[in-house]
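First the structure, then my questions, so here it is.
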Amino acid sequence: MGLRTVEHYKASLRDGRVVYFRGKRVDDVTKHPVIGLAVNHAAIDYEIAHQPEHRSLAVYMDPATGQECSRYFKIPQNADDLLKRSQLIETSTRLGGTLVVLIKEIGTDCLFALHLVAKQMDEQFGSEYLPRVRAIYEHCRNNDLAMAVAQTDVKGDRSRGPAEQDHPDYYVRVVERRSGGIIVRGAKVHTSVTPNANELFVIPTRNLTEADKDYAVAFCIPLNTPGLKQIASPYGYGHANGFTHPITSRHKMMETLTVFDDVFVPNERVFMNGEWEFAGGLAKTFVEFHRFTAISYKLPLLDLLAGSALLIAEQNGIDRSGHVREKLTWLISYAETVRMLTQMAAIHCTTKDGIAVPNTAAVNIAKLHFASNYHQALMHVQDLTGGLLVTGPAEEDLRNPDTGKYIDRYLGAARKVSAEQRLRTINLISDLTTGDFGGYQAVLAIHAEGSLEAEKLTILREYDQEGAKSYARQMAGISNSIGTL
Amino acid sequence: MGLRTVEHYKASLRDGRVVYFRGKRVDDVTKHPVIGLAVNHAAIDYEIAHQPEHRSLAVYMDPATGQECSRYFKIPQNADDLLKRSQLIETSTRLGGTLVVLIKEIGTDCLFALHLVAKQMDEQFGSEYLPRVRAIYEHCRNNDLAMAVAQTDVKGDRSRGPAEQDHPDYYVRVVERRSGGIIVRGAKVHTSVTPNANELFVIPTRNLTEADKDYAVAFCIPLNTPGLKQIASPYGYGHANGFTHPITSRHKMMETLTVFDDVFVPNERVFMNGEWEFAGGLAKTFVEFHRFTAISYKLPLLDLLAGSALLIAEQNGIDRSGHVREKLTWLISYAETVRMLTQMAAIHCTTKDGIAVPNTAAVNIAKLHFASNYHQALMHVQDLTGGLLVTGPAEEDLRNPDTGKYIDRYLGAARKVSAEQRLRTINLISDLTTGDFGGYQAVLAIHAEGSLEAEKLTILREYDQEGAKSYARQMAGISNSIGTL
Amino acid sequence: MGLRTVEHYKASLRDGRVVYFRGKRVDDVTKHPVIGLAVNHAAIDYEIAHQPEHRSLAVYMDPATGQECSRYFKIPQNADDLLKRSQLIETSTRLGGTLVVLIKEIGTDCLFALHLVAKQMDEQFGSEYLPRVRAIYEHCRNNDLAMAVAQTDVKGDRSRGPAEQDHPDYYVRVVERRSGGIIVRGAKVHTSVTPNANELFVIPTRNLTEADKDYAVAFCIPLNTPGLKQIASPYGYGHANGFTHPITSRHKMMETLTVFDDVFVPNERVFMNGEWEFAGGLAKTFVEFHRFTAISYKLPLLDLLAGSALLIAEQNGIDRSGHVREKLTWLISYAETVRMLTQMAAIHCTTKDGIAVPNTAAVNIAKLHFASNYHQALMHVQDLTGGLLVTGPAEEDLRNPDTGKYIDRYLGAARKVSAEQRLRTINLISDLTTGDFGGYQAVLAIHAEGSLEAEKLTILREYDQEGAKSYARQMAGISNSIGTL
Amino acid sequence: MGLRTVEHYKASLRDGRVVYFRGKRVDDVTKHPVIGLAVNHAAIDYEIAHQPEHRSLAVYMDPATGQECSRYFKIPQNADDLLKRSQLIETSTRLGGTLVVLIKEIGTDCLFALHLVAKQMDEQFGSEYLPRVRAIYEHCRNNDLAMAVAQTDVKGDRSRGPAEQDHPDYYVRVVERRSGGIIVRGAKVHTSVTPNANELFVIPTRNLTEADKDYAVAFCIPLNTPGLKQIASPYGYGHANGFTHPITSRHKMMETLTVFDDVFVPNERVFMNGEWEFAGGLAKTFVEFHRFTAISYKLPLLDLLAGSALLIAEQNGIDRSGHVREKLTWLISYAETVRMLTQMAAIHCTTKDGIAVPNTAAVNIAKLHFASNYHQALMHVQDLTGGLLVTGPAEEDLRNPDTGKYIDRYLGAARKVSAEQRLRTINLISDLTTGDFGGYQAVLAIHAEGSLEAEKLTILREYDQEGAKSYARQMAGISNSIGTL
């Protein structure tokens, strides 16, 4: 089938899926006033393959089938593949107004991880997961499907494991095993793009013990599978005006509480079923691919923070001031550091079973640098912009001549920038940093793709601690020769 | 007249004032769906005087008239008066859901400053401003009026002064002087509570030169004065649901672009008219009182950040974790440092002409500490709360049994906290930190009552530089005796 | 006896005490080239009582004896006593070139704590510790003695308690109980001023369990007690030149590894003997008094960082630059914040058994603010000063005409400041921030009087968590009435 | 001649050069107790070429001469050359105990810059500087010479330019032009390795105006040239004991005030003589190469901070604690971020006139990241180590059985680490962070190779501001198409 069009994509979403929004079942997600916006945003991942200026980046020729496929599906084999994948993610996010498109990004991250971990399980247990993974991969790629990944369990009391909770369903689990498949029960939270994807991958969220055996489950199902129910979050809905909300009037992503009410999954779509020893490994392998996706898709956001800060500083006539230049430099260093570390993650990749895995240390250091400085970046941008971020007039005030004449005269700025141009710049920054979307991006910065603490643990674990301690021992005169790190 | 009721206050706002909202003239601000919310919020400053538990704090007996008056109007004469004023501001803001009420706070800050500066002008120029200030003060106090203050000019190119701009109206100025009064033209931005105040004070925003003489103007006018037009900001409107928006469904403050389209001000209401030498002094004196108000009204916000973080950490079952305790401690230290510095500003006050002025160094250090750490505080609170801040379900989902049963089962948390309780806690934090109100508070943190840079300059100027350098010289062996700081 | 002179003090140190320095037994500490410097520094606490300009601060009339005593011994009864104590500590440290004098400060901190905890023990166990404490207090006060406090055990593996270590002596303990007294064994680290004090107080360093009963011991012994051996640290010795080392050529404090090689302590000098339930309480009570001493004695250091930064910025001709003013403001805010929080700790004290205890929250927030920003302060000061901090010429180069002529001509600076004056300023900052003393102050900042982590735990524990959570619950709609913090 | 031996190198320093140390002329620098240490340290750059394990990195075959030369002299032509150069600098610094060796590093940085700028001058003015540069380059390379670079002028009042100072000699200048050469006068500060180099390069330190024409001068002279006088800094001398000072008892670098008392420079050694338009360009070009050297040589220092922190955390038994892991992760991220940005600077190099120039943005972002976090790193390492950093015993105490027995018993630690091993680790960290060397490294962090502010300006200037603003304009709806950064 190859590359779908936007129309194909939209049509595929009218499949009887069960989605609730504000307590009501949604008939057709493509026509829903809020979810429809997310559908249109997601369509960017289809449009881009047909746009001449992006085609060579967005499409690759699959050697096996001889067909053109979306590059998202290209299994990375070397640094160059990872760099191109990163560039594609960056480009589509840029087209998406700094909001990641995600419907192919996250699913392929999961598929790459499944390839690696399925092989390990098959080797250890003699299972046959890898062929299943390959089949579903080809199915998704050849049909150019949109994919979501449900990983984060609802967790209950975070200080206890799955089997120690007040009730057994705080983590998704297998409640029954039949000859043809399994029955799963539970729920996952903040699953992204579920209402407008075709396939849903489900994987564990943490290390498990033997007592948690039934929680070690991974599979993939179509989103209209019986028993699968989505409760969509109403967060941040309803920005109609492009003047005050230039980004969020056009771009949107949905998250759901994804409920598995005794869902049947046929065996050929099950990729883990009780192998608790590999639950943590699958969770981690997915996350490492996905954090590489994350640092790639954060780049347009950081560019826009720097770019809009530069623009408003000029418009406000403050760009020569010492403290302003200090803050601009900070924003630039921030963006460029994350960009360079992201490239380094590709360049220093390691290859396992023919799959190039981004350098874990680089990925996590980049992600942590991004996440732990994001709120500081917001502060600087807001500082340079001024109070009009939250006190400016409406577009209707600008258009009404009785009020528009005052706005034109009084809200103009340095270098003969018109009031409208300046207000548009301010509204961009307001949309990006102060409202629902500003909060959404801030929360994603510290929670999406793993928490700050998860990233720290990974960095500590990945470091060559022995090499570093060895140098210290030699310098301290405790041991003799000078080793190499 | 003494203490007005809420009904008196609301009735007084139906006076023909010209207010635009989204391009349309507003008939009755008290009935407007958005501004009406702000009216109700402002009413707290009237209600509090009638509430038994707050009455002794909110009311004082004026010795001159023998009448009970709102304590906001009590001219502070010593540290204790300032501490009580601070406590009153903190209490009303606490009742206001961390949003300052402001309709008496800011106006009295301005009146205190006018007393001090009018006296200086009268001494230097033989003018008679002080009697005018006293008269308007008694008018406001005796009639328990709501007041707004318009200070921030629209400014145009910030690198240039008022007389150097592309057109002469980027700062409010006197365009004509008549026998009975003056005509003023121009506009002020982000004036707070204008749509629902009775009187509007207008003062300069910066130091002026002789060339800027016509910009040195201060006065007070009723809000229905002809030629006075308000363009209200639409920022952050329309939260109807108390479940998802527990604060902003009940509390709101309005800001306006306040236009003076050749407004006549009678002489008895003019407090500065060309005395450019005192423009900066008036601006600064007001700001110093107002920053003391600011640090007082920030305290409930900081308490709520700490308190909600403690609560959600418990509910999530993470409160014993090392990094969580670190972040909680940070939030507590942050709140308590600002509180202690605020008290110190009162305790170390100086008295001028019988008016106790909060300690400038303490006020500005407190304000800067608050402002420069606010975004970091948001990060910690969001970090402890989790992704549900922006991905949680709606109240309707909770109420609909088809979806509510899943939410009840899956979103509960540690210590048998129900899903609803936990979601309410999360929604509180979401309303406080991630949406329009979160952005509003963040922008106010760094822009309201003067910028970060203004606070820094004040701190540098207020410090006993000579004392400190003298100690350094002695220690360096450059001079002899050891002085005292 | 009342107030001793410096000569009395020095004579009292020639008492046969066992002190080792660089592997050699020291005959007379007052004549030792390094320890002698510390003796002279400590003498400040005696000199100050005889200096007319400091006398009223340094001395108080004891009502019981009718004698003049050193104010350090005055048991604080209210905020004013604490403010004066803080001011005295600040003043003597100022005379001490930013290095605390300590020989009366720390001992009285310990005595205050012993009063409070002895009373608690006596009430619970019917012991008679309080009279012993009073007797030793009067002994020290009436004889104007110099005191050291040994608290920090050597600890071994920090992840284990006293009774769980590889050998039983990692914490000081009672090895034998006789009718007339006890035998103690073990060692304490980084005990300050031990070589030049008269009495040594020994108290526990942490909470203990019943298994640790023998480690619950507190007592006081003269420093020439048999079996007590001091191994003095050689850190930072040997600065002879006042030009390059204006502070450390005159000021010095000693630390020792203090060994108790089966030391006999008579009963009347034992203040805890097995009451493990109170070990943590005594440790904590001492530390709280001592942290108040700490934040008081840090003030001259912070003043000097700010003052020398202001001075060198002027001399370098950079004081008008934006980034320089930013850094100066930071240093000023840092010093003043700690100062104001310190005063608040006195003002908000609580009184127990007639003793005013500094406000624990304020003390710890002040201490943590000091400690967690100290290295940043060093960075700013070094940044403003320049590379000559570590590349400047020697005094001999300045005095030799062959080289001095070049130095005079080339190292002068802005505002006709001579090369010598500028070099003296730079050397002051170098001595204060870059060499042994700079490192010593930096390490003390984060380790003396308890670690960063200990301060954080205290802040978290002291906070009104219930009040804060209650406000959050009310705002979230979980509970009804609005409480007060 | 090719590769010199250490003996050749040392012999070459006995050439009659004029060096003063503490006011006295030094006869033979190789035998001086302090400078001799620096000579031995510098010898590493010669030893490394003869060590089998480093030879392939330290030596390259020069194609023109067919001789083996030190790789420092290899003019980089591509990313790989830069990566190898970086690796060589890192390796020699590692052997140098985290102290850069510098005697070939800095001179070649200067030579690379001279190649580029000489060509530009020749093209614009028809001068013949490039052949002179090539000749001196070949002279240094073929004779394997040690080189110093004097760049930083003494500057006087930093707010004024060279021609505006109180006297004309605050910047080095040409005072006379003769047929065979020029006479130069003035002084440079903190010139490194001057006492033990063979050749001294002199270049301008800043942008100049036409009025500053005589200050536009660049040249190279042997260090025994008449009129050239060095006043060596006494900072940090005299650590004899390898137990307490494991680094500084073996490693040392010298800085001098370098005086040009009317020094004659023959024309063939003059590379700039009045071309003020290129002064800033030469300064900047050198600095960019040199900052790449800097970030390369900082890596062992950052590795050792991380490694010694890991080691002492283990020895103290605290490595499982949450806050400890947080600090270790911070140190690791810090080291690895600088390392990856350094590699990126090589990978993203640009080639001018056949010379690969490290990516300026990457270099400066790396340098600023290093410099602005260094003091924070010190804080974390000191925090993890404990107070023994400044209160530990001497080696003599350990060796004396009377005291050694106590030290052995009491200062041991977790995991049966002996007291001696632990003290060695602590002393390493003390030597690295708390004493003269600690201060030296800290000051170098923020001043060497340009200040923090210089790095910030470069980052701001190098950024694609137009690209970033263009994206902002498009997102704001001010312009149409979506460009690419």
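Order of writing sets the labels: A, B, C and D. Residues in every chain begin at 1.
We take it that a contact is a pair of C-beta atoms (placed from the backbone, for glycine too) under 8 Å apart; a residue touches a chain by one contact, two chains touch by 3 or more.
The model shown is predicted, which means the values in this text are computed figures rather than measured ones.
**Q** What's the overlap between the neighbours of subunit A and those of subunit D?
**A** Chains touching both subunit A and subunit D: B, C.
**Q** Figure out the least number of contact steps between subunit B and subunit C, where 1 means they touch directly.
**A** Minimum number of steps from subunit B to subunit C: 1.
**Q** How many Å are there between the centre of subunit A and the centre of subunit B, using C-alpha atoms for each centre?
**A** Comparing mean C-alpha positions, subunit B is 38 Å from subunit A.
**Q** Could you tell me the distance, in whole angstrom, between the mean C-alpha positions of subunit A and subunit C?
**A** Distance between chain centres, rounded to whole Å: 51 Å.
**Q** On subunit C, where are the residues touching two or more other chains?
**A** 321, 323, 326
**Q** For the complex, give me every residue of subunit C touching subunit D.
**A** For this pair, the touching residues of subunit C are 20-24, 152, 154, 156-160, 166-167, 169-170, 186-187, 189-190, 229, 231, 233-236, 244, 255-257, 259, 261, 316-318, 320-321, 323, 372, 374-376, 378-379, 382-383, 386-397, 399-400, 402-403, 406-407, 409-416, 430, 433-436, 438-440, 442-444, 446-448, 451-453.
**Q** Can you check the complex and tell me which residues of subunit C touch subunit B?
**A** Residue list for subunit C touching subunit B: 94-95, 97-98, 242-243, 246-247, 300, 303-304, 306-308, 310-311, 314, 325-326, 328-329, 332-333, 336-337, 340-341, 343-344, 347-348, 361-362, 365, 368-369, 421, 424-425, 427-428, 456-457, 459-460, 463, 465, 467-473, 475-478, 482, 484-485.
**Q** For the complex, give me every residue of subunit B touching subunit D.
**A** Within the complex, subunit B contacts subunit D at residues 321-323, 326.
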